[in-house]
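Naming follows writing order (A, B, C and D), and every chain is counted from residue 1.
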């Protein structure tokens, strides 16, 4: 019996020591990165994680951090699995992170209620809960630069333009192929509204997680229904398969448009020349020509301090990761300005985000001129509903195919407000916003 | 030894009557037009060479196989398609040629499982195992311990039966059948694979069961000595048909039986 | 009434109105079925010989394809100038790797676990799955890779046949898949019919003990069978990889083989093939003609439904041996 | 020497049939419960409670559910994840319809929804067995997953397609939602798990448990001693799904706080299956040990390099962790195919005779 007790005590001591977390020195800013370099979505997760990591490392190497304070970076592997993501969060929480990037809709949803309690802002850049754009109800959540609803309205604007006016859509059929889940289903209400408003017909083609690589039935349906345009909300292995299948049924690739998460190089590359003409939205520049990215090359990649292969630097999703890190770095910088403190906390960075503004000039200053559109987040509007542009696959790489397209805010806003109110009413006892607003610095 | 009882038995009421039963699998005939009866309180043996259809006969009796033709009446009730659990409810218990114990359970649990039908505290009492359910468990445990004592297997009560030697497994299986307090006990080769000593023990248990509890027994056995000693009446099957039926001495001298066992061509 | 019409009449009218689409659907079903059958074949081979329900077959597909593509890239980097040479060299090395894998599995898993209950062996293959996922990602990385279709000399593009008032498009790679699959099945059948080791395998499948008693080495048979399953996995990996890309998401195709397997019977090679075709074609027809009634996307469970209905009629599968209960 | 039952005579069948017939086991259990109810909430960090203990307990309960079905009644099912989902969605609907009802009660009640669905999907077990049945239950898994996405009513038409847990208070203390403290949630989970484990142990030791085991070990013989196979099997499916349903409801309401349909996918089913096979089929303690092993091992492994100050990329660590977990699964199966619970028993046996070898 005593032995059993002793054993139990030993086991507990072991557990305790394993979980003992070293106290975080206060002379650095802790930015954890939830990433997924494993699992079925690793293909998209790896470049994003690399981009995020490398930009922050570059700031450390080149500038000694942000405002002179070193950034402590720690990756935590989620495998795109919500449970593991929450585990990461709980573990990282103790080290006082100033911001969290969940990088999965599921994890974001799990963290949204916790953010206000734990005082850690969440940056879900162009994913997560669209309704969280409403800063009055979601003071701790930020999802710039655009929501999925914005994205859909931009795609329809583009389609309208190509058809010679949005009213020309009347009587046409538009197909929507999507990842069966919250992410892919979210745009449907707006799509239905727009279909009513503009008089076009929609056809839905869901793809379940198990069927991501087996879409021949969906595309046969497309062949039967002959939609004039196809819109895709895909992720992971669903994207390259869809592109290949579209080519297989001779669907005109220049009438096939994906959201910004369907625009990785690896999504189009397996189909190669067959994918020529395929369009996707994008919010960041592609390529390594930007000075800041050259700095990453110089200070990080060339010195062997990165996991990135040289030829992958500057790819679309890599640059998406860079953009994500720029937003964080700018928010931290803002927070330092507002509070006058160098080692900022999560609460400070929340204020930093609420006053975030990156003008074209500022982008240039960062070394990313023309990389992304000007971006502004306010107290009430945590998204900004910014413009995106269309990029097109030329057989080997992405090229810019349109100007910046602004979303149809009038169509999106009512849905957004409704969704935000609904979330708050359903979650009884949702805290009222108590955080004061700062003026833009 | 049992001869006087034989005539006595013939006068008792019929517990089970098999009438003109035929059974076939696909094209293979296992039983053809077999009729016999088992009377209350007797020990009835079913013998015959390998493949004679003895086990099939038992399977028909306790509802595991359904004969294509013929009728079976038990306690005066005739049922055409009896499910095995209905046979059990009616009071037919059974042991098997190749021990069919619940290998993962202890000897005690195996025998307790034989009491399943007798236990009737509902599911919700079972959940909390308190009051009526616990009392019922103890009451039945008492009966099971009697059987354990009777079979002299107290020492292996809590041993998983899969690990027991064959002879003891056979005994536990008998215990499980006895736990059902059956009216009719079917024993399929209860002594197969046993040494002389074990056979003697088993014979004594069978006789004791018959005498003390008054249980009617039908048994299949290959050991002719055992059969002739134990049974009141014998029915002989060969190639699925009945070739003889009567008291052991009569059967022993029956020409058809002798040729069947010696393999004389028909 | 309307529902009945939409379920029982409308789909058939559609078939009649657009026969070219019907033919196309059947073809897609056939191709998918061939690939399902290939995965199921890997399962059956192993189940027959070692009684292991090998869940790792799915990851073996990924692992084999990754090894092939990874080695190809490596060889090119090391200066093999011709893609074709590199591809076939990589193919040869991959085959060796699959053999080594089979040998290791026999040594590390099968031999120590011989005579354990089915469920334990089943579980062990999960351990194997975890291990191979980790190993594969560690060595080759998690990024999706393109299959080296051209370098392997596999055809690209499609043949379009004008027929029945429309067109039917047959992907050359799909035709190749069907041909290679049938060649593979035939040669496996020949191998098991004609060679000594093949006869040994059949003996083992019937009874381990009997095989041992006539001097057949179980270990040898197991290595051969797992190796054969590895080759089947490699073929499957190449074909699926060519259809989309080579990544760990491919692992889920193993779930596609399960209904095929029970439909055909766990121990029957013809069952795996016929089952694969039934599931493949049934699933595509179901999704295409009846799926829209339920808002599409029913493929995820439709195959299981088909299998379940078959099982309720024949609990041992189409070609499985009839289970006669004895006591 | 310390663990010895010699001298503890049982004078009644009641005593022999008690939950813990051996004195030392009784004391041990009291100590464990005292630690779990008192020491842990006072000493453990919120990370340990939130990410280690709460999920461990919830998965243990689900593992008990599957163990009742597979370990005791012998029916191989891979629908666990989906049945957990049914519980979670049922609880979500119930708390939407009755916002003022006690959420703990609703969690339990939602188990009944799961039990009903589980019984329906248990019907094929009347006809098919073994791996064939396993594939049959996969139909339930995939079909129910599909329903969780396809029936917007289930998630109250939320645009996110996910369940978002509202704050619910019991006696004025928030129990679910962001304001519930980890300790509160932990204590509720612990209480439910302890009570349901006790109930499970009652069931398996009584008539019903024997009926299940009889069906598992030899269904034909079971039928011949008067057990009705269909009822017994379906009862096993119902009880098992009840446990899984409660575990699923707790998973969303007392642990995750929000859940996408993906939380109840096939991988969840496999995870629970691993737990009971590694822990020990037909052993309630095994369910706990298995859950601790499968859930705790990766977390421990992750912290190993950190403890020793080695820095490895998070991805590499994950890959290595996969390999180690895989290898350990195989290793433990080889060492003890009957599960870790059997090792525990052997250890007890050794203690009993210590210091003598036999």
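Simple rule for what comes next: contacts are C-beta pairs under 8 Å (C-beta built on N, C-alpha and C of every residue); 3 or more make two chains touch, one makes a residue touch a chain.
Quantities reported herein were computed from a predicted structural model and do not represent experimental measurements.
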Chain closest to the middle, measuring from C-alpha centroids that were averaged per chain: D
More contacts between chains, A-C or A-D: A-D
Chain whose mean Cα position lies farthest from chain B: A
Between chain A and chain C, centroid-to-centroid distance (C-alpha), Å: 36
Distance between the centres, which are taken as Cα means, of chain B and chain A, whole angstrom: 73
Averaged-CA centre spacing for the pair chain C and chain B, given as whole angstrom: 50
Residues of chain D touching at least two other chains: 142, 146, 220-221, 224, 315, 318-319, 322
Per-residue overlap in chain A, given as positions that touch at least 2 other chains: 37-38, 46, 180, 208-210
Junction residues of chain C, two or more chains touched: 133, 137, 142, 255, 295, 297, 300, 327
Of all residues in chain C, those that touch chain D in their complex: 53, 108-109, 112-113, 116-120, 122-124, 126-135, 137-138, 142, 255, 258-259, 261-262, 266, 294-295, 297-298, 300-301, 304-305, 307-308, 311-312, 315-317, 325, 327
Interfacial residue positions of chain D with respect to chain B in the complex: 12-14, 17, 199, 202-203, 205-208, 210-211, 213-214, 216-218, 220-229, 235, 282
Of all residues in chain A, those that touch chain D in their complex: 1-5, 8, 15, 17-19, 21, 35, 37-38, 46, 74-77, 79, 82-83, 86-87, 90-91, 93-94, 105-106, 109-110, 112-114, 116-117, 129-131, 180-183, 185-186, 189, 208-210, 307, 419, 422-423, 426-430
Of all residues in chain C, those that touch chain A in their complex: 18, 21, 24-25, 28, 31-32, 133, 137, 141-144, 146-147, 158, 169, 171, 240, 243-245, 247-253, 255-256, 283-284, 287-288, 291-292, 295-297, 299-300
Chain D residues touching chain C - in the complex, by the definition given at the top: 76, 124, 127-132, 135-136, 138-139, 142-143, 145-146, 150, 220-221, 224, 266, 270, 273-274, 277-278, 281, 315-316, 318-330, 333-334, 337
